[in-house]
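Presented below are the structures under discussion, each in the form of structure tokens.
What follows is a pair of complexes built around chain A, which joins chain B in one and chain C in the other.
Moving on, here comes the complex of A and B:
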């Protein structure tokens, strides 16, 4: 069995289109210092640093961990760099946790970031490759046909995506760090925004953000002595499958279902909607909420959209299972950090430290990230209690 | 802590240009051979898979995604990736086994460096505000480091030439080597300098290829009935990125990582050091305190062929090969990343019990 470990410090930057006031080093350091302050610790208390970000071409720096070691107080310590596509923020948190859960280290710092304003993600994702189909579509163009297939199969009404877009922005308006602050957003406004990749409208898409997120993860012994309540790591899981293969289920990927089953088993969860109090789930395009509600077992197949339409996932409507009370990826998308933000926001909830977007009395939370062609998954369950 | 064993290692030939083969085509033959070596069918038969690669070598975001196509990842597998040499993918896998979430793991690394200008490409891993805009290439940085060593009287050009000549001769016994030959130090010294004080032969070649390893718990190695070597210690440390902030003629992080990995607990029969430039082998062997009783880079090291993103894993694999062949009982493997030996990993391997 893995050693018990917990999140004892969380730090984030605010998320915005361009952080012209800081370098990349300044950006990651800001998140890291916030996490150390939150944990009431200093650089000397950290044994290793685990860094994650999405493709290097998003900033144009090869293996930026090499350059960021000074900014992250890592000189003389181990530094590991994780890259698993869009799921990377989540995977990085899991790799960081394994440093402690394996008994190898007592306390580590993990940081993930994206400074999208340094380059152009759409360009970086669209380099043609020899002998491969050139999509030149970016992420939205890739996912739009899969969403259309979901709508066809489930018979979901056309405004489900609009409802999610509004709900997550109203959540985001309660989170001062969120990039998009749209407290007045309405269904009409989203419906009237221009169509990017049918059926995904402009306001049903995530923004392009600069930002970083950091966590301090500690052993049971150190977490017991932490100055603030720890978020105990109750389950960790990763799954991958190829982008394409004959018969691949792209709407409801097997890798996501397997990953959820694995993490629920570790955390003793049999009915995720009932057992979990809150979930922070990677939803970069609005329709992925109902799709992931089904993939993650919160609703039977074809019925995820009903939870959304009933308000079950809305903190503001008093739903029984709020999804993305922080505003989610739809409110802030610093790509490489987005997965870790989900994991960190889940931890904030069970530490009862989520400010105006706190789900009252949250004790058990899911953090979720996915990437690639919805083929890489990383998840954790964190709790206010050890078991 | 749980004892972890290496039970298989395979690599492709190091070739200067793999032609039209893409990365998946470089990986698949290596994986086929390692599955055969360990006696398994595909990645479904291990509990965890981790790889190392670099998007900028491929010239596209998500280089590793297609790598998954080589694995047979249907049904889905537990899989992760580091944007580092695969030696660090091994490190991640070791943690996964230690925490009890896997009993076995497949690790692989791959790189096709030939299409680009590698030294210039790698200049873009430097500080993006102060160093990268100057396009300082890796060879120039290494030349500066060698010049400092020569000026301080720590080495001579003949010492460097001896390293190269030994690499070329050792590589005669390595079927995967790209550069080999019955060469003397005088032959090397007769070459003109390339980026002074480095001669072309002081620099590793640019190679395409892949390597792979299977590790597992010692119990599992015994159950599989395969010869194995035990990873008795593994540690890595990074130093300041600013070349002016550290002594480039020494490798403090290598020495400390070796201490942490327990290298000093016994004699070292064999050492495989990731030294892309001849003078760096001298820095590393001195940092590790290796003497005449250690066989250094019997494979020829990376001067004989440098599979970017896989060469570090290959150093560990070469030590494993010598231990299971009975040529050595204990060995040390070293991996580096970053300019002028900025980040270093050391693994100590011991002979396992007879299966």
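Moving on, here comes the complex of A and C:
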């Protein structure tokens, strides 16, 4: 049985197109210092640092963790880098949590980042290889046919994705850290935006952001003495599957369903829509909201889109299960950090510290990340109470 | 059954990137453009050249820039007898760790010398500047023996 652990500090940069004023070290540093300040701690209070980063080819810096040790106060301390593509921010938080839950360390700093303005994330994902046709696809081109298949199977109306795109941007307009600030966005504006990868329009896609996110995770004993309310880690799970194999269910991946079942079991959740108060879920393209509503058990298969259309996932419409009140990946996408932002925003909610995008009285929240070809899943459930 | 031909093919992979230097390394490079060399004062008082953004011991942010001398001494070196295309010199030269006057740690650069015998630990060297300085480390064209 794992020991109890909790989030006692959260720090983020604001998310924006270009942070020319800082080096990559300066960017991760900003989030880490914000997390230490939030926890009322100093570098000396940290036992180990766990860093997450999307593939090295994105920024073209091989093993950036080596160069970032000074910025993250790792000299003389254990440090570890986690790699799981777009889900890395989530799995990094879980690796950090496991180091505390196992009793190895009492207090761990975990950080993840992306400086997309200095990177080549689009084409580094889709590199040409000999003897193969170069698809020139990128993430949107990869997910578009999977979304089309979801629409075909579920019979969802064509404007579900547009509704998600508007909802998450209206949420993002309540979060001063969010990259896209579009308080006036309308269904028409999204519908009229350029079709990037049919059926994904420009405004149904995430932006390219620079930013970093950090958390301090502490043991029960230290979290009990924390200066601000802790977010208790009530369940942690990761699952993976290959990108491609015969018979793979790509619309509703098995690894995602298994990961959700595992994390719910640990947290004592039987009906996620009823038992959870809020969810921060990795939705980089609008249609992934209804798809993940089903994959994560918030709705029966083929009916996720109904929750979206009813406004159940909208904080502004007073929905019963707000998804991505921070604005989500659709409002800010610093890739390596995006998963950790979901985990951190879930923790902010149960600490009652989410500002204008606070879900009133949130006690139990899901943080979710996925990566690769929707093949790596990382999830945690955090609560205001220990059990 | 005949064996199939096992194919292989070389290929190149290349992408374009950007780098932002930040306020500390950025300052070092900007000063090179003006033909100055600056270091930064660490928490224990050491002057580190090139400057670091964060203290190696306390992890605190560093900001006290110190101009150091353009002369210094060789701490250690490696003689390159047969330079290759990528090397900074067509003639034999030394890679060297050079502790500039006023600095407490050496930095790596290269030393032009007519012979290996003239290069030694403790030998004095002086920075030679490029005609056109751009804010690159190569603005220091090389170090020459004094």
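The definition used in the following text is that the second predicted complex is superposed on the first by the 382 of 387 C-alpha atoms of A that agree within 3 Å, B and C clash if a C-alpha of one lies under 4 Å from a C-alpha of the other, contacts with A are read in each partner's own complex, and residues count from 1 in each chain.
The criterion applied here is as follows: a contact is a pair of C-beta atoms (placed from the backbone, for glycine too) under 8 Å apart; a residue touches a chain by one contact, two chains touch by 3 or more.
Owing to the predicted nature of the structure, the values given are computational and were not obtained by experimental measurement.
Peer 1: Please determine, from the superposition on chain A, whether chain B and chain C clash or fit.
Peer 2: Fit - chain B and chain C, as placed by superposing on chain A, sit side by side.
Peer 1: Go through the superposed model and pick first if A:119 touches only chain B, second if only chain C, both, or neither.
Peer 2: Second partner only.
Peer 1: In the overlay of the two complexes, what angle sits at the CA centre of chain A between those of chain B and chain C, given in steps of 10 degrees?
Peer 2: Computed angle, apex chain A: 50 degrees.
Peer 1: Is A:41 contacted by the first partner chain B, the second partner chain C, both or neither?
Peer 2: neither
Peer 1: Decide which partner touches more residues of chain A, taking chain B and chain C as the two options.
Peer 2: For chain A, the partner with the higher number of touched residues is B.
Peer 1: Can A:216 be said to touch chain B (first), chain C (second), both, or neither?
Peer 2: Neither partner.
Peer 1: Per the contact definition in the header, classify A:62: touching chain B only (first), chain C only (second), both, or neither.
Peer 2: In the superposed model, A:62 contacts chain B only, not chain C.
Peer 1: Does chain B (first) or chain C (second) touch A:291, or do both, or does neither?
Peer 2: Neither partner.
Peer 1: When the two structures are overlaid on chain A, which partner does A:21 contact: first (chain B), second (chain C), both, or neither?
Peer 2: Once the two structures are laid over each other on A, A:21 reaches chain C alone.
Peer 1: Figure out whether A:98 sits in contact with chain B (first) or chain C (second), or with both, or with neither.
Peer 2: Once the two structures are laid over each other on A, A:98 reaches chain B alone.
Peer 1: Per the contact definition in the header, classify A:127: touching chain B only (first), chain C only (second), both, or neither.
Peer 2: Both: A:127 reaches chain B and chain C.
Peer 1: Quick one: is A:29 in contact with chain B, with chain C, with both, or with neither? Answer first, second, both or neither.
Peer 2: After superposition on chain A, A:29 lies in contact with chain C alone.
Peer 1: Once both complexes sit on top of each other, what is the least C-alpha distance from chain B to chain C, rounded to whole angstrom?
Peer 2: It is 5 Å, taken between the nearest C-alpha atoms.
Peer 1: Using the superposition described at the top, list the residues of chain A that contact chain B and also contact chain C.
Peer 2: Shared contact residues on chain A: 23-24, 57, 59-60, 70, 75, 124, 127, 129-131.
Peer 1: Which part of chain A faces chain C closely enough to touch in the complex?
Peer 2: Residue list for chain A touching chain C: 19-26, 29, 43, 57, 59-60, 70-73, 75, 115, 117-120, 123-124, 127-131.
Peer 1: Looking at the complex, which residues from chain A come into contact with chain B?
Peer 2: Within the complex, chain A touches chain B at residues 1-3, 23-24, 54-70, 74-85, 91, 94-95, 98-99, 101-104, 124-125, 127, 129-131, 236-243, 245, 248, 253-255, 258-259, 372, 375-376.
Peer 1: Once bound in the complex, which stretches of chain B touch chain A?
Peer 2: On the chain B side, the touching residues are 1, 20, 22, 49, 54-56, 58-62, 64-66, 68-69, 71, 73-84, 88, 91-92, 94-96, 98-101, 121-122, 124-129, 132, 235-242, 245, 253, 256, 337-339, 342-343.
Peer 1: How about chain C: which of its residues touch chain A in the complex?
Peer 2: 7-11, 13, 15-25, 52-59, 61
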